[in-house]
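Structure below; questions to follow.
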Amino acid sequence: MSLVLKDCKNGERFEGTLLVNEWKEVPFRQKPGAYLSLSCQDRSGIIQGKMWDYSPQVLAWLKDQDIFRVKGVASEYRGTLDLTIETIRVIPVEDVDLSDLLPSSPVTADELEKRLTTILERIRQPELRALLQQLLAHPEWGKAYRQAPAAMKVHQAYLRGLWEHSVRVAELADGIAGHYPEMDRDLVMTGALLHDVGKIAEYSYERGIKFTTEGRLLGHIVLGIELVTEEIAKIPDFPRQLRSKLLHLITSHHGRYEWQSPKRPKLMEAFVIHYADLMDAEFFQFQHAKENHPDDEWSPYIPSMERSIYLK
Amino acid sequence: MSLVLKDCKNGERFEGTLLVNEWKEVPFRQKPGAYLSLSCQDRSGIIQGKMWDYSPQVLAWLKDQDIFRVKGVASEYRGTLDLTIETIRVIPVEDVDLSDLLPSSPVTADELEKRLTTILERIRQPELRALLQQLLAHPEWGKAYRQAPAAMKVHQAYLRGLWEHSVRVAELADGIAGHYPEMDRDLVMTGALLHDVGKIAEYSYERGIKFTTEGRLLGHIVLGIELVTEEIAKIPDFPRQLRSKLLHLITSHHGRYEWQSPKRPKLMEAFVIHYADLMDAEFFQFQHAKENHPDDEWSPYIPSMERSIYLK
Amino acid sequence: MSLVLKDCKNGERFEGTLLVNEWKEVPFRQKPGAYLSLSCQDRSGIIQGKMWDYSPQVLAWLKDQDIFRVKGVASEYRGTLDLTIETIRVIPVEDVDLSDLLPSSPVTADELEKRLTTILERIRQPELRALLQQLLAHPEWGKAYRQAPAAMKVHQAYLRGLWEHSVRVAELADGIAGHYPEMDRDLVMTGALLHDVGKIAEYSYERGIKFTTEGRLLGHIVLGIELVTEEIAKIPDFPRQLRSKLLHLITSHHGRYEWQSPKRPKLMEAFVIHYADLMDAEFFQFQHAKENHPDDEWSPYIPSMERSIYLK
Amino acid sequence: MSLVLKDCKNGERFEGTLLVNEWKEVPFRQKPGAYLSLSCQDRSGIIQGKMWDYSPQVLAWLKDQDIFRVKGVASEYRGTLDLTIETIRVIPVEDVDLSDLLPSSPVTADELEKRLTTILERIRQPELRALLQQLLAHPEWGKAYRQAPAAMKVHQAYLRGLWEHSVRVAELADGIAGHYPEMDRDLVMTGALLHDVGKIAEYSYERGIKFTTEGRLLGHIVLGIELVTEEIAKIPDFPRQLRSKLLHLITSHHGRYEWQSPKRPKLMEAFVIHYADLMDAEFFQFQHAKENHPDDEWSPYIPSMERSIYLK
Amino acid sequence: MSLVLKDCKNGERFEGTLLVNEWKEVPFRQKPGAYLSLSCQDRSGIIQGKMWDYSPQVLAWLKDQDIFRVKGVASEYRGTLDLTIETIRVIPVEDVDLSDLLPSSPVTADELEKRLTTILERIRQPELRALLQQLLAHPEWGKAYRQAPAAMKVHQAYLRGLWEHSVRVAELADGIAGHYPEMDRDLVMTGALLHDVGKIAEYSYERGIKFTTEGRLLGHIVLGIELVTEEIAKIPDFPRQLRSKLLHLITSHHGRYEWQSPKRPKLMEAFVIHYADLMDAEFFQFQHAKENHPDDEWSPYIPSMERSIYLK
Amino acid sequence: MSLVLKDCKNGERFEGTLLVNEWKEVPFRQKPGAYLSLSCQDRSGIIQGKMWDYSPQVLAWLKDQDIFRVKGVASEYRGTLDLTIETIRVIPVEDVDLSDLLPSSPVTADELEKRLTTILERIRQPELRALLQQLLAHPEWGKAYRQAPAAMKVHQAYLRGLWEHSVRVAELADGIAGHYPEMDRDLVMTGALLHDVGKIAEYSYERGIKFTTEGRLLGHIVLGIELVTEEIAKIPDFPRQLRSKLLHLITSHHGRYEWQSPKRPKLMEAFVIHYADLMDAEFFQFQHAKENHPDDEWSPYIPSMERSIYLK
């Protein structure tokens, strides 16, 4: 049965692998004892689970692990679907596929790899190209770059989101740069691909998308600076001025102090990346709102944009 | 002699047609009487003029008119060039060419017309196309659109500046829109060409670039709304929703309340135009700073950007 | 039975004409099937309705219309009154009186007409007087001006609210202007009566007070400019300077950019209207709080004023 | 000779009593020795004085005193008038009339006293009336209230300015309050007359208008609280609630924290006083700009209003 | 039985003296009649009480008084503990000890008195010392100073909180001042002990911690100025400059206009007190979060600090 | 002759080694030719130099170098001292002592070294101690740390300023931390000594204090992160959590986003360092103002503090 949570209907049975991020025992009001309330997640969404009857073994498992094979029945109450869980059991780690448990980018890895390659091939400046190739082939970071989300919420908050966002910003920024002969397009593309690279360390996404403690203490700008600094150090004779410029693109890409950039853009290339980043995040929300409200004239209020948007 | 003011050297004679925007009589300190101090402008810049000896006739002319044929000698004092004026005389209006007296866009009218035509030809939506053609062919406004400056200072503050800026924003915005299939590119291009159209009435530029009283009281957003509303009214069956969207693009193109937009962007197309407008104005300043400081690593402080920019 | 919703007591029967703005079917938790939940409104307020048993015909009506004749019983639960609906039926459009369904100004139409006439009679400047008379006699706009609310919430959010607010602001502003001989009191009174005229098109109020799409895209300042511009165009030889001043009063009446005015006041008359507008909205909230909390020393927190106010 | 400084013409002789606020010895550039440069003020304005030749006696006087009898000749240089001083001598304190040396309100003391009396007579609440009468009859403060300026610059920055401003605000606020039956007009008038009373101690004006050290450390709101608290304490059985309200009017009259009010208005009466205060200060600047630029369409940029204003 | 509310367990009986700040009758949903819902507080916290059956006598008591002897049984519902009340009765005022009903500082009165004495002994300046001794020995204010809370929420919101906070700020500020020989440490310590003295009148705490009406209208800065002014007046020959400085410390201790200080710090001593105040309030929240979340890495979001804090 | 510029008097001869940062040729007004204007600096200040007569050799030197042996005569004009230069000549690099040309901290290197050692000895945590010792003994950075200024202007803008400021902040922060047992004082002292370490690379100070290009592009927070990251990498088994905390202290020490910190303080230790940094910078300005205006009651307006301060 390959049903996902979002497709469950009232009264249907469900069996599948789920991520249980949070759980607690809730005492009954009218009688002794308690039931289990669990937050159950797969790639399609999150649903509240209830288990009325459970052995101490189940509690022990829950304290230790967070991925389970779950059987139960969906039931609706006031428009919200719950899952009444009958059995829960541990599954071997090697049977788990992260992309079954968390949402992924609608753009496939194949397509992103192809678009990334196209961009890489257009970069002529040898050190920039070397830096990107080395990082993208790094056993740990290269993989993380292709898996990490682009955000907690707001935009591309799913697996491969960072990759999708970075490629899109690179394409967008390069297109804009093409109108101005003064721009260094190699630098624009490299900066665009690396502007958010610190998010690799800012988020963990093995068990739902969360901030890491390093992410909360340092933020993805400082973490990106650390990471790129370390990679550049491996490339002999990386030009000093080019290094400063590239680090500046990362440092300044939020565009304003109050948006947590410690420096504001001072290169044309930094401006382009800042605006392309902003636009891709905002257009993502338009696309998202149009998909979720296909019949509405206006979206609900969108807190990150501080407004409703017009969908027709 | 077709010398312009900027090319004058210390001690050289000058003869030419000049715009005199301001003047006053300055009493001598050590003796009775006064001399004339005049602000003299041609397309290359502004220079201070002094006339030691002048007839009442000259004063009468200055009270009435502001374009004159002037003869004199350039002289330098502490690095600043003055013009010691010997004679000044009135010239017939029909002999004056505005583009001799005020700076013009470095992009020629021919090139702008060609790029404008290219954009127009790509617009398929009939009412939008009709609206643009009608306005660009309007005996008064079509001409003004091709002559007005884009700003008082900051960016494209010269004849044909509005035209140059509008075409550039249309090209840039259309390129960005091309990455998002949801966008109405006809609307983007039309909105981009019209976003600043109210500047036709916000500035006067017959005698140096100045704000009009209407411009100061109402601003180019309200003036643009008035003008486009009036033009749309001439097109039968202009779709009501399209009209609202187009007026929204003008209303919201500054992007924020504190930048004098009474509404913020609520359409994808409005966002694109807002960002393209912002970027073209900022990149203009980069280009301008690079031209004026070809040997410097850093520009001087640029008040409108609240920073110095890196020029290497 | 002419009972209004607000006067219903626990256990009493109710029959009346109600506006049903929102409704949904809510599935039962413990059994198959669903009940209807409806938001029911008349001029005295809004109450939640529940219909446990209903035919498909009722659903069909609800999809199409929003005014119904409703019978039921009031019942209280934890201090909140609900309406258990027994029957619902359509009523002919011609039997509906909008003022039964929506709240209205406590000031009667007769009194407002009298105060409006007094103001009009004091205006001597012929074009301003003509403009007001023409607009107030306009078959569509004259009626709308006398029916529209002044706001969605906050102040005078009821039928005739715009009219009440405009007359009050005119009286207040004229009184202030009387202390300064430099002021053009005709202009003050005209601007005060017209400052919010765009709200005619910003709100719809046939079915509860809502923003129109034009209102959300353009706002009542731009809509007011459109409307007044069109009306002025019908008056031969309306002085150009007077037109600019009057449009400036509308454009600037919010007083600050961040309050959505694209220009700030630059005329004494514009300042007076801005402050009179502000004061009338704030004093409305004082009066409203005193009425609703006759025994309290302090009002609850008032979000629009960002404070509690003292009522004694 | 009763000539004032402002009326001096190039070459004319001047003799009069002047306030010398600042002076210094300036060494000659080309020869040994120095001349005296003095800032000379009378009620009509400030002029720069020069004394080429002076005895040690003059220096001794200048270190001690600041009001002198001065004789000299006016001479103009590049549009600016200087005073070449020939003799300077001390005058007995009893011969000095402060209103000869500092500018005064254009409204006479007689007229202000009359308007003040009219307001006082309208106040019926006995303790408020007693408080005002007692304070206005206070040997020190009553006199200071009628002499102090209303500001350093911006508005009514001259002798009797506080009095003029207070009376005007009381008249204006009372007129506004008249539209709202809920208002306590006695409290409005009293609060209006006292809102700025702390300026008595915030400014010194015996020798030009200056901040006192207490004024800089505490501000006129805190100083006003001190003063009114002390005066209320002398009135037996002043109602506690009335006292709190009156002190609140002073505390909150700037209307916003960032304008240095430690509390924002929470009474209708406090709002009225805040707005009347604001309006009177702003209209003063309109009147002032119209007087100083009778022929201009637009005023120069006015820093305190952050804009130019329209004068026609 | 000396059990406090916080220590009650599900099913346990409770008997004790409680403060009942709020209560209401709640009608039953399914049957006629109503039950009583009461907010019950003792020094350990607040709990919701329910009384299913009650005589009219109980209602009469509740309208009049707010401290009662209560008997009942604790019962848990979904993790929240309620108190099912069986009997409630009035107790004689003389049997009530405020510190049983409201939380108190964890620092004992003895320790605070000792630390306060240490500070007082270090102050050498005679008038400052006299002022403090007189105020701390004042029959009403001296007691209030030692009982009042330091805040409504956020920091030291319990009995003795003001005293604890003031002593801590004095110790902290004096330590900082010790690094700078220019500082007047007597003034620092006095200002630190008195900076929040107006809170005596800003809060009432006999019946839960609440704002007084004077507190809401004037704030603790103005109230502190009043109180200290009055006390200083009793000390003969208190130096005028010292008085101004001390009042400045109170006036400016919030550091910024938008934090409700009508003047910003202009003395070194004022800066020290401002920062010591800020730090003590922030560190209190760290300590509080660490105590309440001993096992967590991160605190929940803390609204007053606009962030989560790291606890490890 | 060991005279410094500040001690020159009108008419005196001067001979010394000077730093010439800026110079230009100024054409004579009344005759052909030009003179040289030079900005001359030594450790005591900056003075304007004039050279009326100079050989092409001098121009060649000025284009290449900026430290010279200068002879001339001081002359005063309108209160300002100029230096009329007679001869100028190149000096061997090995004869130049930077501390003759630039101002230095009033605290001697010996005293700073002693206070630094005291702090180091108190740090017990082995990795933190190792990190500091390694960095302070680094051949390049250890020296730079002891030479760099703390700022361009505002506070400690002289040689050894960074060192003085860091030691002071460490002492201050440690004192504050001593009041709170929860604080990790080793971390506080280490963070305080390193918070501004990036200023080593942000400023150059060989030829006057200037921003480097890296400093302008990245800022001292990012540069400090780079430097400390690199040093930590050399220490085996530096605890990961301690590393994150220490980097957080640097990242957050400006305290607010708008002051260019990409993260705000989330550790008690980070708060302490932020406030100690702020206080030391502000108290420096008090001390500086008191020294420069020993007789004044009020300082002139201090732009960085946005106020005047009270000096008595």
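Labels for the chains are A, B, C, D, E and F, by order of writing; each one numbers its residues from 1.
Just so we're on the same page, contacts are C-beta pairs under 8 Å (C-beta built on N, C-alpha and C of every residue); 3 or more make two chains touch, one makes a residue touch a chain.
No experiment lies behind these values; they were computed from the predicted model shown.
A.B. asks: What shortest step count links chain A and chain D in the network of chain contacts?
C.D. replies: 2
A.B. asks: Within the chain touch network, how many edges lie on the shortest path between chain A and chain E?
C.D. replies: Tracing touching chains, the least step count from chain A to chain E comes to 1.
A.B. asks: Looking at the contacts, which chains touch chain A and chain C alike?
C.D. replies: Common contact partners of chain A and chain C, which must touch each of the two, are B, E.
A.B. asks: Pick same or different for copies chain A and chain F, depending on whether their interface residues overlap by over half.
C.D. replies: Homomeric contact, same residues on both sides for the most part.
A.B. asks: From the C-alpha centres, identify the chain that is farthest from chain E.
C.D. replies: B
A.B. asks: Overlay chain D and chain F by their C-alpha atoms and let me know the rotation angle in degrees, rounded to the nearest 5.
C.D. replies: 120
A.B. asks: Going by residue numbers, if over half of the contact pairs line up, that's a repeat, so tell me which of A-F, B-C or A-C repeats A-E.
C.D. replies: Within A-F, B-C or A-C, the interface duplicating A-E belongs to A-C.
A.B. asks: Just the number, please: Cα centre separation of chain A and chain B in whole Å.
C.D. replies: So the centre of chain A lies 45 Å away from the centre of chain B.
A.B. asks: Please report how many Å separate the Cα centroid of chain C from that of chain F, as a whole number.
C.D. replies: Each chain reduced to its C-alpha mean, chain C and chain F end up 63 Å apart.
A.B. asks: Pull out every residue in chain A that's touching 2 or more other chains.
C.D. replies: Only 213, 216-217, 241, 266, 308, 310 qualify.
A.B. asks: Once the touch criterion is applied, which pairs of chains come out as touching?
C.D. replies: By the stated definition, chains touch in these pairs: A-B, A-C, A-E, A-F, B-C, B-D, B-F, C-D, C-E, D-E, D-F, E-F.
A.B. asks: Show me the residue ranges of chain C that touch chain E in the complex, using the header's touch definition.
C.D. replies: 10, 76-79, 297-298, 308, 310
A.B. asks: Spell out the residues on chain D that touch chain E in their complex, using ranges where they run on.
C.D. replies: Where chain D meets chain E, its residues are 213-214, 216-219, 221-222, 225-226, 229, 241, 244-245, 247-248, 251, 257-263, 266.
A.B. asks: Taking the complex as given, what residues does chain A use to touch chain B?
C.D. replies: 168, 171-172, 175-176, 178-180, 182, 241, 264, 266-268, 271-272, 275, 278-279, 282-283, 286-287, 290, 307-310, 312
A.B. asks: Mind listing the chain E positions that touch chain C in their complex?
C.D. replies: Residues of chain E touching chain C: 24, 26-27, 29, 213, 216-217.
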